[in-house]
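Let me begin by presenting the structure, written as structure tokens, before commenting on it.
As written, the chains take the letters A, B and C, and residue 1 is the first residue of each chain.
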Amino acid sequence: MLTLEDVNVYYGQVHALKGVTIEVKEGELVALLGANGAGKSTTLMTVSGILRPHSGHIHYEGRDLTRSSPYDIVQFGIGHCPEGRHIFGSLTVRENLLMGAVQRKDQAEVLSDMEWVCSLFPVLAERIRQSGATLSGGEQQMLAIGRALMGRPRLLLMDEPSLGLAPVIVQLIFRVIKQLHQQGVTILLVEQNARQALQVANLCYLMETGRVVMSGPVEALRTNPEVERIYLGGSAA
Amino acid sequence: MTTLQYLTQQGINAISIGSLYALMAIGLAMVFGILRLINFAHGDLIMVGSYGALLLLVLGTPFWVAALGGIVASTIAGLLMERVAYRPIRGAPDVSMLLTSFAVTILLENVAILVFSPTPRAFPAPSFLNSTFRFGQLQISKIDVVAIIVAVILLVLLTLFVTRTKLGISMRAASEDLLAARLMGINVNGVIATAFALGSMMAGVVGLLWSARVGKVDPLMGFYPVLKAFVASVIGGLGSLPGAVLGGFLLGFLEILLQGLLPSSLAPFRDAFVFVALIILLLFRPNGIMGSAEREKI
Amino acid sequence: MQSQRLFNLLTLLILVILTVGLLIYTELAASAYIHRIVVGLAISIILVVSLNLINGMTGVFSLGQIGFMAIGAYTAAILTLPLSIKEGNLPDLPSWLAQVELSFLPATLLAGLLAMIVAFLVGLSLMRLSGPYVSVATLGFLVIVQVILVNWDEMTRGSRTFSGVPPFTTLWWAWGWTILTIYIGWRIAQSMYGRRMIAVRDNQIAAQSLGINVMRSRLLAYCLSAFFTAVAGSLWAHFILSFSPKSFYFVETFSVITMLVIGGMGSVSGSILGAVLITVLSEILRNAERGIAIGPIDIPPVYGASQILMSIIFILVIVFRPKGLLGGREIDFNRFWSWLLLKKPGKPVIQGKEVE
């Protein structure tokens, strides 16, 4: 469904992605792991069109996305739940969700999707008229995920959904991620919390300083001592 | 005149001036919110709208048509400004954007001087606007009332727009977090154009009201209004729409208050006092009233 | 690296000799018109280099520096005005001032000092603001100065022309101060302190982590800038001989900012380059404004054309070379010589060690 071929991205002078090649097949849940600064978020931002590759290609369902704008990329069905949530604090929960569906024309479906999102995360229904800034960290993360889902994405990019959240909330979020996967959403998940990620993913890519250093099915990586060395810092699982 | 009558008169004065400042400040706030651009040239949109209306009036069209024409002129000017001068430098450091708007102002003002000559021309407002309502000793000029009514209508419409329409909510979203807005697939170019269009439209309206009030137009007429609009915006907190409205009215009140309180020897220093008050405000609330009170630790 | 430094010093020496030579020629042989332009250029250079101290090197973009020029001009002029003229033009001056008549240097120094004190007091509150807020606040300062000048009739004659200023500004005074300003600007920019400031100019957190006391450095830059800007004001006052508050407002502000931006913010040589280019360009355009004949075509006088063209040039530079013609860096003499001597582009004339 999505392939990155030898993608190179520069932040000014800094070579942030070095020849990155990643493949996500339809229906898979692919985890992108690595330490801080490995280039995982950069990869997602490049897929979404915020950053432009210096060289290399990005293909999605037969289309070449390499030079596409973020607007078009959302149109093609790629949703993005960014690192640090980036919810609109001065907008209400309801308005945030509406913004997730901003490109959609089917008003009635949008509203029913909002109900569905609220069923996934009941707390959002409770706070539907509150402004985003008044939500707790976990609630904001749920809002960010819900907002991304409102676009009915076929491919969902998730960047560190568990960052800074209490374990109970993390459990809830990963339960939802698994549920979405089972419902057929293809997911590219960036995580530092390798343990949780490896529990829900099919495939895993490991990045280090801008390069993909390892990849493969999750079972193989779970027991690979290299992975432990790179950053699990001890025993995996 | 009793004290009550005097206060009422000044109060209405303040609200009327405040309305004009609020409308201008909102235009600035909308653009600043999304682009972080301080658009000095916003004042010249007032000028464009006024001259547009003047041209039509001179050609003999009825006032309503001329007014509409003026507003259309300022809207087009604003959109052109965005497309030609500001879009190419999007993403540039804030300073570059500020300076470019400076350059655009100088450009527009000099072109206007070239085309219209620097001498002010009379603005023939319809006679009904020039009269006053009288309640005993109290005199309220009709133009003040019109200004207030128009401002209230526009503000209500704008509020409905930014809370009830997808485009309006997108504008607020883009203003708060441009990156997230882009990730959601918001059409940022469209949103920015809308912000400019709305702001320019309101500048056109302010131009008409202003010209009717002072009775004339000249190429540099937008200079002081935009300065005041800045102060209003900064008072309320740059980028905040409610802040702009609040700032506009506060500034109006502050000016009228100073005018009344200052002894005649100090009266000409009124503008200086306004800026001093602004600086004092910024010391306590470095991001304006509605902005966060967070101070960067320097 | 010793050879590199020697080479740069040599180039600098050549430049200084050339400049002094040009000045001597101007003094002795050039027309009054050219003479005026060269003096005006000196004052512009002082203004731009001073502006660079604050706008180019700190995170503060001040829009109000011309206010200090006004303070400098009026203060120095009041102090040097011959007593007889003072009685006539400024009859209501407080008596202690009415009896003072100073020569050029003390008056200029006092003017600079006063500006510095004002800058210090104003800066205490303004320099803790940032971004657009400090720009608007400094603009407020400019307006405040203007309002005060226009209304303090006893001291300034209000909005009426202030005239009778003794013509003290010679080529040598102007360029002497200019060289001093350039030297100080250069020393600050080249010092470790200055380099760090520029590197983190837009990033306060980085600045603080490098141990730079942001408030103190901003205040220092602001006060120094005010001093030299006021000196420029004094030089200008004794050059133009009559002026009014209107001479120190937005048009001048934009003019100096244009010079800085075109040359490159953060660079002393860029500031000088910008001043030279804009001065020359303005003169050409001003002459063209009066209508010129190019071959068979008569271009009619176009008022304001120079302003319009300047703003267009300004916008073009911001769009295509936002960091200015020198890209915010100082002139690299090596590149200049290799370009001049048509050597391979980019290959330095003197091989220095790569600085990591």
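Everything that follows uses one rule, which is that a residue touches a chain if its C-beta (ideal position, glycine included) is under 8 Å from a C-beta of that chain, and two chains touch if they have at least 3 such contacts.
Not measured: the values here are computed from a predicted model.
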item	value
Furthest chain, CA centroid comparison against subunit A	C
Centre-most chain [mean C-alpha coordinates]	B
Between subunit B and subunit C, centroid-to-centroid distance (C-alpha), Å	33
Inter-centroid spacing, subunit C versus subunit A (mean Cα positions, whole Å)	52
Centre distance in Å when subunit A and subunit B are each reduced to the mean of their C-alpha atoms	42
In the complex, subunit C residues that touch subunit B	55, 61, 125-133, 135-137, 139-141, 143-144, 147-148, 150-151, 202, 204, 208, 214-215, 218, 250-251, 254, 257-258, 261, 265, 302-305, 307-308, 310-312, 314-315, 318-319, 322
Subunit C partner contacts - residues on subunit B that touch it in the complex	32, 36, 38, 85, 88-89, 92-96, 98-100, 102-104, 106-107, 110-111, 113-114, 223, 227, 230-231, 234, 238, 268-269, 271-272, 275-276, 278-280, 282-283, 286-288, 295-298
In the complex with subunit A, residue positions of subunit B that touch it	166, 169-170, 172-173, 176-177, 179-188
Subunit B contact footprint on subunit A (complex, rising order)	48, 50, 70-71, 73-75, 80, 82, 86-91, 95, 98-100, 102-103, 147, 151
